[in-house]
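Dropping a structure here in C-alpha cells format, bear with me for questions.
Residue numbering begins at 1 within each chain, and the chains themselves are lettered A, B, C and D in the order written.
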Amino acid sequence: MIPAAFDYVRPADIGEALRILKEREGEAKVLSGGYSLLPLLKLRLAQPALLVDIQALGGLDGISRTDDDMRIGARATHRRILEDDGLAAVLPIMRDAAGGIGDPQIRNWGTIGGSVAHADPAADWPAVLQALHASIVLRSAGGERVVPARGFFIDTFQTGIEATEILTEIRIPLPAPRSGGSYQKLERRAGDFSTVGAAVQMTLGGDGRIAQLGIGLTAVGDAPFAATHAEDALRGAKPGDEMFREAAAAASRQSRPADDSHGPAEYKRAMVTEMTFRALRAAFGRALA
Amino acid sequence: MEFSGAVDIPATRDHVFAFVTDPNRVGACGPGVESIEVIDATHFRAKAKVGVGFITARFVVDLEITEQRAPDMAIIKARGQAPGSAVDALGRMNLVDGAEPGTTTMLWAAEVNLSGMLASVGARMVEGTANKMIGQAFDCMRAKIVAEG
Amino acid sequence: MTTETEPRTSAAIGGMGHSVKRKEDPRFIRGAGEYIEDVVLPGMLWMDIVRTPYAHATIKSIDASEALKIPGVLAVITGADLEKAGLHWMPTLAGDKQMVLPTTTVMYQAQEVAAVVATNRYAAADGVAAVFVDYEPLPVIVDPHKSLRPDAFVLRPDRGPDKANNHIWHWESGDKAATDAALAAAEVRVSEDIYIPRIHVASIETCGCVADWDAVRGQLTLHMTSQAPHAIRTVLALVSGLPEQNIRVKTHDIGGGFGGKVPVYPGYVLAVVASLTVGKPVKWIEDRSENLQADSFARDYHIHAELGATKAGKITSLKVKTIADHGYTDAAADPSKFPAGLFNVITGSYDFPNAFVEVDGVYTNKPPGGVAYRCSFRVTEAVHAIEQMVDILAHDIGKDPAQLRMENFIQPEQFPYKTPTGWEYDSGNYGVALQKAMDMIGYADLRKEQAEKRARGELMGIGISSFTEIVGAGPSKDFDIIGIKMFDSCEIRVHPTGKVTARIGVQSQGQGHETTFAQIIAEELGFDTDTAPYGLGTYASRSTPVAGAATAMASRKILDKARKIAAHLLECAEDDLDWEPGKFTVKGSPDRFKTIQEISFAAYTNHPQGMEAGLEAVDYYDPPNLTFPFGSYICVVDIDKTTGQVTVRRFVAVDDCGNIINPMIVDGQIHGGLTMGFAPALYESITYDELGNNQAGTFMDYLLPTAVETPRWETGKTITPSPHHPIGAKGVGESATVGAPPAIVNAVVDAMWHLGVRKIDIPMTPQKVWAILHEKGVA
Amino acid sequence: MTTQHVKVTVNGEVREADVEPRLLLVHLLRENFGLTGTHVGCDTSNCGACTVHVNGMSAKSCTMLAVQADGAEVKTIEGMANGAALHPLQQGFWDQHGLQCGFCTPGMIMQSAWLLEQNPDPSEDEIRLGISGNLCRCTGYVNIVKAIQQAAGELRAADAAPVASVTAS
C-alpha cells in the first residue's frame, strides 16, 4: 500500500507552522505521530496535498500541573502519559487509557493530540476527555482559544478544529478530593480498537453522595460522546451497585452503535452497560481510596 | 443498506418534480459534487469528492433516470466508481400533495450498496455517513427549491 | 510404545533425538535471510495490480490512458492483451481452470483486472489508481446452498452446457446402505450441522515473485516464494508454451507458507507476461489486503454429521454430508483422486464398522478456496467434525467424554487397522496418549473444580480432542497432482574430504529442513551435511514422512558401499564389521576401525578393484502407506458471562509423531500448530457481506493472535514409531492445527452444556458466545 | 515530482538520499540503503515485522515516512551484532528456537531489545505485552518468550559484571 503523493514540511516553530496552515488552508494536514494518519494515507482514503509535521515544534510534549488543572502537551505520546507517575496519582484514568492504546510501538509514537484531532470514534482519548470535562487548546495565527471537549467531537473524523489551527494542549481540571476515575475497554485482542470503551470520573461529596460525574463512551456513536442521561441519573445519588446498574443501562440507551466486525449493535449496547458499570465501580473504589 | 424518509417542501409537485429531474439544478445537491455532465435527458455523469472529515474519495458517478411519471414519481440509478471502491444506489421518489395547499411531501427510499475497499475497511463508518449524506442532500434540495421561490 | 528415547549418536554427531540448533538461523537472526522481496535484479521493474471492487460484474471497458501518462508507468496489461496470446486462462492444480485476467466477467471482489508495470512501486501504485474500469454489476452468490438451487444463475458458463449448474463434483466414501441401516438401528442418534468458515493462512510474508525473461537465451527465471516450485514450473510451461527446461523456478527463503504458497496465483503469470512484454525483470509483491482478499483460502466446509451409538456409548455408525465452497474455481491442491482430500479419515481414532461420507464441491462468487491452512488435505475438517460429535454423544448419554473416548478407541492390538472408509492405519496407541494428557492436566481435579464453579454460576469448561492425523502423501498408486506422482527424492554425495551434499525434494518454509535432514544423514552415516532442494514441495507435513525417508534410504545405499570399502581397507569380510554412526570396527578388535571420513576419502582414492569410484546415492522414495500421527489434547476455558469472552486457561497437548529427529524443532512445530488451531477457534474468519465484499481485508479485522492471548502451551509426547517408515518418523507440522480447534470448541460447549448449548461454530467470538448466553438468559 | 533530501544515521553510519516525501521509512532502509533485514508484513501497523529503533524508540517503519526520520538515529537488525559476536537476543533466539521461517524475527528482536532497555527483568506477562505489536505465525510465541528471558538474564549478568572483566573479554 502506497500513499498518493504529497508535499511535506517540518516547520521549526509554531509561528511558521501556523503561517503554512493559513497559506495552504484546506490542503494541508497536520502530522503528529502519524500512527492514525499514515494507515489512511496508505489506503489512499486520505489524500492531503501537504503534510505539516509538527515534530520540531518545541514545548508541546510536556505534562505539567497548575493550581487548577493538569496540562498535557498535544505531542505527549501515549507512552509518556502511561509512565507519568504524577499524572497517574491525580488521574489514574489516564494511565488506564494510555496502557490500552494499540501496542508498545504505537504508544511510543502516537500522541494524545494526534488521536484527539483525528477523532476516530473508536479511539480512547476522546471519551476519556468527555468524562474529565477536559478542555482543548487550539492555536491559530490569530491567537489561542480553549474549547470544552464536550461538543468538540462533531462526527466521525470531524472536530471543531479549523483548518488553520493546531491543537496544542489538553487541559484537565484537577479533581477535588474524594475523586476517582477509570477507563474500561473491551477489545477483541491486544492492540485492537475498542469494541466499547467507558470512561468514568467521579467525585464524592461530604455526604457520600456523588457530587460530580463525567461519563464518556468510545465506539458506540458517530463520535465519542458524554453519557449525559447516566450522569443525570447519578448526580446527587448515593453510589452503589444498583444505582450503577441503572445508570449504565441509561448510558446504553443513549448509545448509538453500528453493526460491524466487532459485533452487532445489540451486543455493543449490552457491552456499554457492562463496561460503564465496571468503570463506575472502579471509579467509586478509587474515590474511596 | 436501505434508507428512507419524507421531506416536506413548500412548493408544488410540478415545481419539485421539475427540480429533481433536472441535473443542472439538483446536481449541486449531490454529496461532494464538483461537476455535472449531461449526456442526454436521462443520463448524467458527475464527478464528486465524497467523504467524512478529511477521509475522502473521488468518484465518477453515472446517473440514470430509469423511470419517471411527472409529477408523481421517479426512479434514479446511480453508479459511482473510485479506485478500488464502487457505490451503487437505487433511489425511488414519490411526490404527494402536502398538508398545506401548494406544498409537497417527498417520500423517498434508497438502496445503497458499497463494494470494494471502502466496504471492507470502512464498514464501521459507512452507514452513518451515508445516512447523513442523504439527509444533507434532501435538506439542500428543499433549501434550493425554496430559494427559487 | 515408549515415552522417551535415548539418542543413538553422540552429541558431536547430532543424529536423531538431539536438539541440534538450526543451521539456517544465523542468517535469519542477523536480518540476512533472502526473502522474495529482497531479490533485486539489474533494471528490475515493478508490477502492481488493478482489482475489482465488485464480486461479480461485467467489464464494459478499461481505460488506461490516464495511467499511461504517469511518469514511470510503462505498460498496462489487460485480459484482452492476454487473450491474444491465449494466456487469459490457466489450469488449476485440481484440474479446473482459473482466469489470469478476465476478458468479460469478474468473479470475486479483488480479482485481478489489469497489471501496471512501472519503473518503481510508487509509480506502479499510482498507475493502478488511475486505471478506470467501467463495470456493470451482476447478481452475487456467496452462499453455496443458494448456489445449488435450481434457479441459481450459472457462475461458470465456460464449462459448457453439460455442466450448466454450480456443482463442481461429488465424492463419496464408505458403505451408504450399511451405514443407513446401522443408523436406523442405533439406540442413540446425534446429529449436528457444523460450519468451518473461510480462513486464511496469512503467513507474515505475503506472496510475490520476480520474473526474469532472458530473450537472448530464451530462458525464463522465476524467483519466488513458493512451497511447490516444481508444480509452478509445470503450470507455467502449460500456460506459456515454453519448454519446461527453459523455465527455472528459484525459491528463496520463505516467510511462512502453511499451504498458501502452493497454488499458482495470477500475479505470478502476470509478472511473467510483463517480463516477456517489456524485456526486463519484473517484481510483484502483493500487499496484505491483496493477500487476504485474493489469495486462495482454506476450509469453508458446511458439514452435516450424524452419529449412531448404543445407549452405553459404543459408536456404531457415522454419516456425513458436506458442502465444500470452492469459490469461483476449484484451485485446491489436493491429490487428483481426492477432490475432498483425505476427508474420509473422519472416523478418527475410533473403532466402529459403518461410515459413509459424501462431499459436494460448489462454486460461489469468492476467491478460490480449498487450500491448506497448515493441515493435510481436509483432515482438520474431518477431525473437527468427529471430535465434536463424540463430545456431543458423551454429553447426551451422560458419560464423561474422556471415558467415552477410551471405550471407543481402536486398541493397540488392532493395528494395522482398516477403517470403514478404506484407510489402513499403520499404528496407534490412543488410550495411552489420552491418559497422559489427563495426568498432565489433572483431569479429575478439574472436573471437581468445574462442578464447584458451576454451582456458583461460573462458566468453566474442559474439552478433549483425540485426533488421528494422516500425512505423507503419498503412495504413487493413489497420489498425484495433475499427473505428477507424489514421491520424493534425495540425492546424497559424499565428497573425498568427508563433507556431504544432499539434494532433497522439499522446500522449507521455516520447519528447519536444513537441520533435520542433516540429522537424518548424521543418524545414518555419522556426519554433518548441507542440503539443497529438488522435489514436489512441502505440503501436508510430508517432508519428514516422504523426503525424510528418501534421505534415510539414500544414506543406507551409501552405507552399503561404505561397508564394502571398509572391508577392503581393513582387509576383512563385510560380515566381520560392526557399524556405529561414524565408523566401522572389526568385530572383537575395537582398535581396528575406519571412520566414515576415512572411507569417504578412500572411495575416491583407494576403493576396491572393480568398484566404481565415489560415494553417492539417489533414492526415490515411494511410501508404501501414509503415516498416522495422533495425539490427545485437553483444553480448559473460562468464559466471562458478561462479555462472552473466552479465555483458554490451560492447554495440554500430547503428540505422537513416532521417532523424533529433533525434539526442539518438533516442539516448535507443535507450538506453532497449536497457535494456528487456536486462532480460527477464537479469532480468525473471513466473512462476506451479501455483495461479496470481504469483511476482513486487513490485519485490523483479520485477527491473528498476539503473544498476549496465545495460551502457554504445555506439551508431552508418546512415541509409537511408524512400522513401515525407514526411521519410524511420521510428520508433525500440522497435527496440532488439526487437533486443537475441537478441543477448544468442546471446552466452550462443555462450559455451557448445562444451559442447553449443544454446539457453537468457530470462531467463538465474544459477540457470538454472548448472544448464546443472552438467549439462554444468562448474560 | 519533488524530492527532499534526508540524512539519517543508520547503525552508526550517516546515510543520505533524495526521496519523495511519501516514501516510507521501511522502503528508504530496504531499497535506498539495501538493508533488507527489516520486513513488511501488513501495511496497517499491526504485525511489527518492520520494527526498527528511531532515536532509541521502537517504531514501525512502515508507518513512518522517511522524511519524518530525517536527522534521526535509526537502528536496524543489521546493527545488532558486533561483528561476529551476536547480540544476546540474537543468541537467545537461536538457542531457544525462537524462530522458524524467520520473517518476523528481525522486528521481534528489535522490539525485544527496546523492551529490555526499558525493563531489564521483565516477567513473562510483561514480555508478552511487550511484543504484542509483533505477530509471529510460526512459533506460537513460547520459544520467543524463552529467547527473550535468556537474553535478559545475559544482559543483566553483563551489566552486573565488573567493568574490567567486560573489557577484558
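Keep in mind that, in the parts below, contacts are C-beta pairs under 8 Å (C-beta built on N, C-alpha and C of every residue); 3 or more make two chains touch, one makes a residue touch a chain.
Remember, predicted model here, so these are calculated numbers, not experimental data.
K.L.:
Can you tell me the least number of steps between subunit A and subunit C, where a step is a move to a chain it touches?
P.N.:
Minimum number of steps from subunit A to subunit C: 1.
K.L.:
If you tally C-beta pairs in contact for every chain pair, which pair wins? Let me know.
P.N.:
C-D
K.L.:
If you average the CA atoms of subunit A and of subunit D, how far apart do the two points sit, in angstrom?
P.N.:
30
K.L.:
Starting from the mean Cα coordinates of subunit B and subunit C, work out the distance between those two points in Å.
P.N.:
50
K.L.:
I'd like the Å distance between the centres of subunit A and subunit B, where a centre is the mean of that chain's Cα atoms.
P.N.:
Roughly 35 Å separates the two chain centres.
K.L.:
Whole-Å distance, subunit B centre to subunit D centre, using C-alpha means?
P.N.:
Taking the average C-alpha coordinate of subunit B and of subunit D, the gap between them is 51 Å.
K.L.:
Residues touching two or more other chains, restricted to subunit B: which are they?
P.N.:
83-84, 117, 121, 123
K.L.:
Two or more other chains touching the same residue: where does that happen in subunit C?
P.N.:
Touching at least two other chains: 121-122, 129, 287-289, 695-696, 698, 700-701, 706, 708.
K.L.:
Touching two or more other chains, which residues of subunit A qualify?
P.N.:
Within subunit A, the residues that touch at least two other chains are 1-2, 4-5, 44, 103, 190-191, 261-262.
K.L.:
Which of the residues in subunit A end up touching subunit D in this complex?
P.N.:
1-8, 10, 31, 34-35, 38-39, 41-42, 51, 53, 55, 102-106, 108-109, 190-191
K.L.:
Inside the complex, what are the residues of subunit D that reach subunit C?
P.N.:
Residues in contact with subunit C: 1, 20, 22-23, 27, 30, 35-44, 46-47, 49, 76-78, 80-81, 86, 90, 93-95, 97, 99-106, 109, 124, 127-129, 131-145.
K.L.:
Can you name the residues of subunit C that touch subunit A in the complex?
P.N.:
Of all residues in subunit C, those touching subunit A are 121-122, 125-126, 129, 287-289, 642-644, 683, 695-696, 700-701, 703, 705-706, 708-709, 765-767, 770-771, 774, 779.
K.L.:
Where on subunit A does subunit C make contact in their complex?
P.N.:
Going by the criterion above, the answer is residues 1-2, 4-5, 44, 103, 186, 188-193, 195, 261-264, 266-267, 270-271, 274.
K.L.:
In the complex of these two chains, what residues of subunit C are touching subunit B?
P.N.:
51-55, 109-110, 128-135, 137, 289, 293, 689, 691-698, 700-701
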